[in-house]
Amino acid sequence: MPDELRPIRMEVGVHRNADGSAYVEWGENKVLAVAYGPRELHPKHKQHPLKALVQCIYNMAAFSVGDRKRPGPDRRSQEISKVCSEALTHVVFVEEFPKATIDVYVEVLQAGAGTRCVGLTAASLALADAGIPMKGLVTACAAGKVGDRVVLDLSKEEDNHGDADLPVGIVVNTGEVVLMQMDGHLTKGEFDEAMGLIDGATRKIYEMQVAALKCKYQEVGE
Amino acid sequence: MPDELRPIRMEVGVHRNADGSAYVEWGENKVLAVAYGPRELHPKHKQHPLKALVQCIYNMAAFSVGDRKRPGPDRRSQEISKVCSEALTHVVFVEEFPKATIDVYVEVLQAGAGTRCVGLTAASLALADAGIPMKGLVTACAAGKVGDRVVLDLSKEEDNHGDADLPVGIVVNTGEVVLMQMDGHLTKGEFDEAMGLIDGATRKIYEMQVAALKCKYQEVGE
Amino acid sequence: MPDELRPIRMEVGVHRNADGSAYVEWGENKVLAVAYGPRELHPKHKQHPLKALVQCIYNMAAFSVGDRKRPGPDRRSQEISKVCSEALTHVVFVEEFPKATIDVYVEVLQAGAGTRCVGLTAASLALADAGIPMKGLVTACAAGKVGDRVVLDLSKEEDNHGDADLPVGIVVNTGEVVLMQMDGHLTKGEFDEAMGLIDGATRKIYEMQVAALKCKYQEVGE
Amino acid sequence: MREEVIAAIERDHIYRSASQGRRLDGRALDEHRRVEIEVNPIKTAEGSARVRMGNADVIVGVKMALGAPFPDRPNDGVMTTVAELRPVAYQYFETGPPRPESIEIARVIDRGVRESKMIDMAKLCVEEGVKVWVAFIDIHAINHDGNLIGAGGLAALAALMNTTVPAKQFGIGEDFPLPIEHYPIPVTSVKFGSHIAVDPTAIEETVAECRLTTTFDEEGALRAMQKGGDGAFTRAEIDRIVSTNSEVSNTIRKYIGAGT
Amino acid sequence: MREEVIAAIERDHIYRSASQGRRLDGRALDEHRRVEIEVNPIKTAEGSARVRMGNADVIVGVKMALGAPFPDRPNDGVMTTVAELRPVAYQYFETGPPRPESIEIARVIDRGVRESKMIDMAKLCVEEGVKVWVAFIDIHAINHDGNLIGAGGLAALAALMNTTVPAKQFGIGEDFPLPIEHYPIPVTSVKFGSHIAVDPTAIEETVAECRLTTTFDEEGALRAMQKGGDGAFTRAEIDRIVSTNSEVSNTIRKYIGAGT
Amino acid sequence: MREEVIAAIERDHIYRSASQGRRLDGRALDEHRRVEIEVNPIKTAEGSARVRMGNADVIVGVKMALGAPFPDRPNDGVMTTVAELRPVAYQYFETGPPRPESIEIARVIDRGVRESKMIDMAKLCVEEGVKVWVAFIDIHAINHDGNLIGAGGLAALAALMNTTVPAKQFGIGEDFPLPIEHYPIPVTSVKFGSHIAVDPTAIEETVAECRLTTTFDEEGALRAMQKGGDGAFTRAEIDRIVSTNSEVSNTIRKYIGAGT
């Protein structure tokens, strides 16, 4: 089905040392996100006098992909870190924490297709779990094209033969788009179709995020 | 002719963002020099309490040479940056700007032979254009040897088969030598002959530098 | 003989620029150790408010081994630097020099087997020569196994075919073990035997260290 | 603090002007700057172009070399794109390893070229699985005045269209032009409150909430997109940008006589 | 200064408890934490394991590739071990090039595997002097709570025991399990004054004077040792640790059903 | 500020002495320090030398390996020169990537060796275009007391003259001495006001206005030059230095019995 999501499982509060954390399995992806902060930013000359810096650092484990990935940041992961940091900055009330930093580490332990959407979705859960005040959760999902057909949430197999990839991050409760990238080939009509699929999907995923957060709070409350 | 210079074209004030700039085409070379400063030097522990630091950073564009050059500084460009920085430090009244830095970025866009002389000549124009007080312009030119003949300002073709390379930077109005490097094979007689050729050539190039600066000021004055 | 040491020659105070220094030839090894400090540690945020940092930096010269070693620290030398720094930290009265650093540079000029023991032994001499107050000298020696036989202080030839390597650093006057590493294959009985050999050897080497220090002080006294 | 105050004043001015449909340099919100394209200014490159958009100034050089193909694509040439944002272009650019900003610019331009299948990579195979042509696309910023993706992407297109593969020099046949199939043009718009402005200058980029780059090919299909900045777009704003950017890309494409 | 005072209080408490044979988490001094081993959680690796020791949590993945042998060992496969201690596991771990701490952890685990001749390297030769299997052992810390060498070393052992060499995929015969010959287990003890405690937590490691890691194989032979920290051990303390660690390694070895 | 005052006093003293033809260590201005050359102190190198000039102390080791020639010189061996200025030699030298100072020293020495055609590179070809001998010249400063180019260059010459190419070990014929054709010696002078002093110590280098290194071969021809420092030379000063340095290089050349 073109509008079908792969199986998703979310868990919040999975990490002892962190201020907030989330673990998401989504299709073949296994992603851990861990949040620290707000805390003082070092070195000081990087501090912003009026707001917090939100940094999302995306990393793939060496064993998370088919051919071993050399440890350390490459150009791809630096770009993903940048766009995810920007997306999360939009939802955090950064003015509440001048000079501070809020850091989310996204570790891809096993990579299927769509790791950046899984990572961003998990990162926003980890921030919420850390009690960071936010105007809303960020929810991400990609659509693509297989043959001439626009489809949602491509699997690894589909992605390898896909003709387009459109990952989008949305603040579901406001409808704002905070992350958008695309490559491949989409006519304007296909783009609209893809955005429609993503819109529906992110609503579903958002419900799962809310449920995962509630689940943890209930456990804690009991 | 052994004392012939390749065609030279100089233009001053070619860059909107910089405090000073110069563009020089010389033989097959195309070089842009851009000056910023004086401005506060960071990090502070590198500041000199009594004088300004003059930094000339020489860089070759990846596409400026036959085989693509990997971006970033290599050992050759670091050495050239060092000797050019020293040459320019001599002419700048550095005591007037304690704790400051004055930076000139030399970008080689297309490299023929003799890029360091072209770059240093352009850098000194950029500093003058930035209004940095100097005791004189630095003018640079190289001589070499082809077969047994001492010749001025070797072209790329000649340089590849040349037996010596003697790049020299001179403060023409005082006769001081501020840059001197050499490799190859020169008898003392040949060295004297080469220095004589360079002396004459730098006087000519100096006139072009002065004309290029005047040309800009006139335009501004009009 | 299994308990035989290779020839050892020690010299203290061999370096003009340093606060302390020692040169040790031991079998095929030639090692120079040079100590600076106590001096203020930079950058300041690395300073400890209550004690000095003791840093031992182990380095192999490019030409010190069979295949040329690329200059700069590799993983092996970083590990050796770490364990040697820890061993020396134990004997220095670090509380006497808050915020300071005490640095020992160990340069392996020619490497036979057992360079870390030679280096640590030399480093402790260099610290003593620099007048750093210490609770005792560190003396190091390794034992190994060739065939089924436990032997002391393996030569390069033996080491290549050895089945175990147990380098140990001891504060001889207290009997404390401050460095201990091991790889290979040792039964518990063999381990005890090896430790016994090392115990005897470090006593002998300690006497040489004391003699080398006395020798220098006598020269100075004369 | 003084800098923040000045920035706030400039910001207010730009936003107020935008709400009246005007910009600091007198352009309309949907108007791009004057474009100048110089072809093959660099003789040491196999292809090159210098593009000026207003005061933005970028040189792209293409170098061709021989190398090994990727194992999973034994019949295809290889391309790699690097952007150098050095202090020559802007005093706050830093020397040293590439920052996320220059990585992003290079990668967005790269995706436009790669995903549009602009170059017929199969024609760059010399010996299957062993030897192929490698195209190095180096983007060198000369003067930073905003929209480096736009100026750099256009310069990359113009440089590639004018690249000669130097086969003869390597003794493998006659030289031939790089086989170009498509003509992608990246166009960027930024958001000031509820207003959208295309082809931003540096100061406009600084104060904008966010930007959206779209790369269209000559058939009007999307080939690459990238949102940047801390702000957010509504669906309606995205549609407006897609529409405006698409028109601007067609206008700009005419300047290079590409795909027409 | 405040941090130093708090650290001093925690330190005192841990030392006083140790002198009474107790620990913060209620364990006896010679008692290791509860061990959980999850086998092959990572499908993209040729072998993997996740080990939890109390709150310590480590994943090791093994990737197999083809490469050249070392010139002096033309018939042997190659192995390489890397530990990534990233901020995900502990907020004070830093990004950037590996620090001495992570280098030490990787090298001690590596020596345990290598020197125990755990893997029959000769069976990883594909073509003498030309092509052999390369095993990449990547240790990824998930949650740092002390004894990363112990948790990582056990995870490495479990991952290697469950690694399949993907020969078929490379067209060189049938897949086969990595040939395992020995079962080394690294165990660490730390020193609090005259007391020795096995399998330390993070806070225990921080306040301990020093630590000693011993790696025993299934026959009770020592395969690797490493002393760490600024303190010193007496000969008698070393003997006690060797004895305790040896027993603990036998207990832990049973959890993976290895070499029995 | 205190350091600047002390430096100024030392500076004044050195300049005043120079104006009376004297130096801190009692030398005349045109007098070099006592030179000691130890040949092949390092057995792990294929050739080595240790040179002391006064308190300046440098070891150069030459390692030979097999490698590929440069494409444009398929018949020639390859050489590479690296200088390591580590804190062992001087507490203000830093660890980390090479600074411009050490790059300059290595490159000036390298040019002297390379441009004098000291080594007959054609005799280092093993298989045209495929395999040649590579000479690694590593300059390791032991004690910094000025004129590292002079001490390092002399040590490089002595090391190369005593290098044996280990052909037998690689199974390609008999060992042979590195084929030496010329004997270049770099000599450095510095400028104090209107005075010139040869072979400067570290403190002299620090306070000098600038320095000029000249490398002469055994026939008295210039093979390399390098001016360093923020100061300037007049034409007449250069002539004086060329003349003095030439004489000193002849004197020093005798110590190694080279080219005579």
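For clarity, chains are labelled A, B, C, D, E and F in written order, and residue numbers in each chain start from 1.
The definition used in the following text is that a contact is a pair of C-beta atoms (placed from the backbone, for glycine too) under 8 Å apart; a residue touches a chain by one contact, two chains touch by 3 or more.
Everything numeric in this text was worked out from a predicted model, so none of it was measured.
Listed here as common contacts of chain B and chain E: no chain.
The chain with its Cα centroid farthest from the Cα centroid of chain F is A.
Equivalent interface to B-F within the set C-F, A-D or A-E: A-D (over half of contact pairs identical by residue number). Relative to the C-alpha centre of chain E, the farthest chain centre belongs to B. We define each chain's centre as the mean of its Cα atoms; on that basis chain D and chain E are separated by 48 Å. With centres set at the average Cα position, the gap from chain C to chain D is 57 Å. The distance from the centre of chain B to the centre of chain D, each centre being the mean of the chain's C-alpha atoms, comes to 32 Å. Centroids built from CA atoms put chain C at 50 Å from chain B. Viewed as a network of touching protein chains, the structure reduces to one closed ring of chains, two contacts apiece. One closed ring of touching chains is present, and its order from chain A going to chain D first is A, D, B, F, C, E. Listed in rising order, the residues of chain E touching chain C in the complex are 1, 4, 98, 100, 103-104, 106-107, 111, 114-116, 210, 212, 217, 220-235, 238, 242, 246. Only residues 49-50, 75-76, 78-79, 81-83, 86, 89-90, 166, 171, 174-188, 191, 195, 199 of chain A touch chain D when the two sit together in their complex.
Across the interface of their complex, chain B is touched by residues 41-45, 48, 55, 59, 61-63, 65, 82, 84, 86-91, 95, 97, 136, 138, 140, 142-145 of chain D.
Only residues 15-18, 28, 30, 32, 34, 36, 57, 59, 61-68, 71-73, 103, 105, 107, 109-111 of chain A touch chain E when the two sit together in their complex.
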